[in-house]
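Quick one: the structure is below, and I'll ask about it shortly.
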Amino acid sequence: MESRRVEALADGVFAVAMTLLVLGVHVPELPEPVTGAALLAALRTLVPSLAGYAVGFLLLGTLWLGHHNQFRFIRRADRTLLWINLFFLLAVASVPFTTALIARYPLQPVAMAIFGGTLLVAGVFLFAHWSHAVNAGLVDDEVTPEAAELVRERMSMAMVACLVATIIGAFLPKAGLVLFGCMPVLSMLPGRVDPALAGEASTTD
Amino acid sequence: MESRRVEALADGVFAVAMTLLVLGVHVPELPEPVTGAALLAALRTLVPSLAGYAVGFLLLGTLWLGHHNQFRFIRRADRTLLWINLFFLLAVASVPFTTALIARYPLQPVAMAIFGGTLLVAGVFLFAHWSHAVNAGLVDDEVTPEAAELVRERMSMAMVACLVATIIGAFLPKAGLVLFGCMPVLSMLPGRVDPALAGEASTTD
Amino acid sequence: MESRRVEALADGVFAVAMTLLVLGVHVPELPEPVTGAALLAALRTLVPSLAGYAVGFLLLGTLWLGHHNQFRFIRRADRTLLWINLFFLLAVASVPFTTALIARYPLQPVAMAIFGGTLLVAGVFLFAHWSHAVNAGLVDDEVTPEAAELVRERMSMAMVACLVATIIGAFLPKAGLVLFGCMPVLSMLPGRVDPALAGEASTTD
Amino acid sequence: MESRRVEALADGVFAVAMTLLVLGVHVPELPEPVTGAALLAALRTLVPSLAGYAVGFLLLGTLWLGHHNQFRFIRRADRTLLWINLFFLLAVASVPFTTALIARYPLQPVAMAIFGGTLLVAGVFLFAHWSHAVNAGLVDDEVTPEAAELVRERMSMAMVACLVATIIGAFLPKAGLVLFGCMPVLSMLPGRVDPALAGEASTTD
């Protein structure tokens, strides 16, 4: 299948980016003799890093899911699709940096704007990816215009949510953090898009 | 196959996490002139790091094996399975951190509890993964309820062992270290589950 | 397919190299209390690193695309092809280092020469890879000598462009930086080679 | 295919280990103002690291090639094979550490012994991997006992070469370095094993 290696590269970038996130969590260095209370206190200061790790991982997971779902229906790739995919991965691979930035400066609006802005850019490229695939006829013939439109709607809603969280976060960083933390949860809910696509998938099985 | 990319992402996360473990082993910095005796003495201080690397790697290998064995029978994926898988990988990708923590503070109960607790969480998600796959009918039709139950039993035993080792380790860190070091060995032994599953596999070959 | 694992290794090396690039961008360390203005000023000093990340990523993307396109037609692998591939990946995997070097010393001719020289070496091995595959009969029978020649021409042009940019960069580093930044853009343009290869691909679909 | 994911994990570990090697090459930090001569002098001190990177990469490539060639004929995997494979990968993933060690202390016998010893251990597991696959009937039926024996012979020779280089290196580190640098070159030469296996492969194509 023509699109196999595009998926392999993407899976690799996602896997590395997800796992590199943990390098942002540093084992605390304590002077000897180390007491349990001192270690516990030092570990408590890691909570922002650990929360950043978990949220960054799950947001990457959400993007991966979107990419994965598209490729269930994309059958071919052209030069434009490959480049949109590379720009999408450029944003994805920068998440370990933006996550480390926000874990270090959780209350700074500019950190929030960069974190949210990167996710928004990733979302825009993912949207462009699907739009191009549908328009250029690279998707499975079984994908009806209605199903393609449902996917576009769901992605638009996700991008609007991300834009709103970024704007709110640029003024109220704490509220922004909570909103981004909730975003993967939304993606866990079954959507109207599922039965439509499941229908497609089952007919092509 | 629907589940192909889930496996690709998981294999990527496992491969990166396993290999990142080695970044926890630092080449010692010695002042010039370097003597063989000084280097040997410095390398001896690396033994906890190296043991941590080996044990962390083999425990990840054990988890990978469990994941691998499940996907020999999982044929499809739904949104719930994908999210259980992502939470499982979230725990897996944090092992380089928990291993570095325990290699740095091998005798601290809190380090032991975090190390063992993370593995236990990974085990719980792996168990939930299989249970959901069986209950939602995502596995091969050839998997009998008895075989599915045998897998569940084996996984439950592994989780109980992990829980016991974590609790013991939280009081007697040295005993906990030995128990976790033994765990991959147990997984190397052939189990009652092998012939049952081999039977399944051969009929689907 | 014989060539499947060669592609898997290459995709893995590309994915890791692309994502490791971001480790060259360090979160700035500011003394407390942190003001928005101080953070913004510190982030501005990251612009060369971020530009290096983006350009390095897209140049790796360009090389990946070339590798990907070759393997659409390569059906088998022999020992020579595997070794040419390994030397190509040796150059690819060093890009995180050469990119960090040029991001740190953007105006030093020697940094420019190493950065450009590494890309040129990668290009030469990629060219040798295709030449060997065609000459040793490892490609699909549908690849006409004309199409094989078109690919070689396109790759030669890319190598000449890289050589010119390296030489110019060794004297005028700023001009070299601009030229390397433009190179992925050139690769995004559709080429004469596309319809010829698309023709091949569609007949083999 | 049963053995597909074993290969995916192995390719991932090799790709990460190969690319992590480059993290052992550090961009030199020079005080301002930076002159071309000072940078060139600083880069010259990187030669041992760069040589270590190249030799480590090509030795990993040699091991990957051996693994790759085995899996052209391995059709199934059992629990024992999976564990031998994991121990092989444990040795492979430690190469970034042993390479950094030898690049830092190239003239220390103990560094040489650890570097060579790790490669030898990897070779022993790779040999055990093939022996087990042949003995347990996990390979393709087309593999004749003669071909299986030829592979074993070739691997034995490689292990003897590695043992000799390690022993020599433990006494004469410089000679050991040269010998390990030559080892990938030997692997590039076509062997008696190639036509025998090519014959097998072509009949199964």
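In order of appearance the chains are A, B, C and D, and numbering begins at 1 in each one.
In this section, a residue touches a chain if its C-beta (ideal position, glycine included) is under 8 Å from a C-beta of that chain, and two chains touch if they have at least 3 such contacts.
None of these values were measured; they are calculated from a predicted model.
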Top of the farthest list for chain D, CA-centroid basis, is A
Comparing which residue numbers chain A and chain C contribute to their contact, where sharing over half means same and under half means different, the two sides are different
Taking each chain's centre as the mean of its CA atoms, chain C sits from chain D at a distance in Å of 25
Multi-chain touching residues of chain B, meaning two or more other chains, are 8, 11-12, 15-16, 20, 23
Residue positions on chain C within touch of chain A in the complex are 7-8, 11-12, 14-16, 18-23, 25, 27, 34, 36, 39-40, 43, 53-54, 57-58, 61, 64-65, 68, 71-72, 188, 190, 194, 201, 205
The residues of chain D that touch chain B in their complex are 2, 5-6, 8-9, 11-13, 15-17, 20, 23, 79-80, 82-83, 86, 89-90, 93-94, 96-97, 100-101, 104-105, 108-111, 114
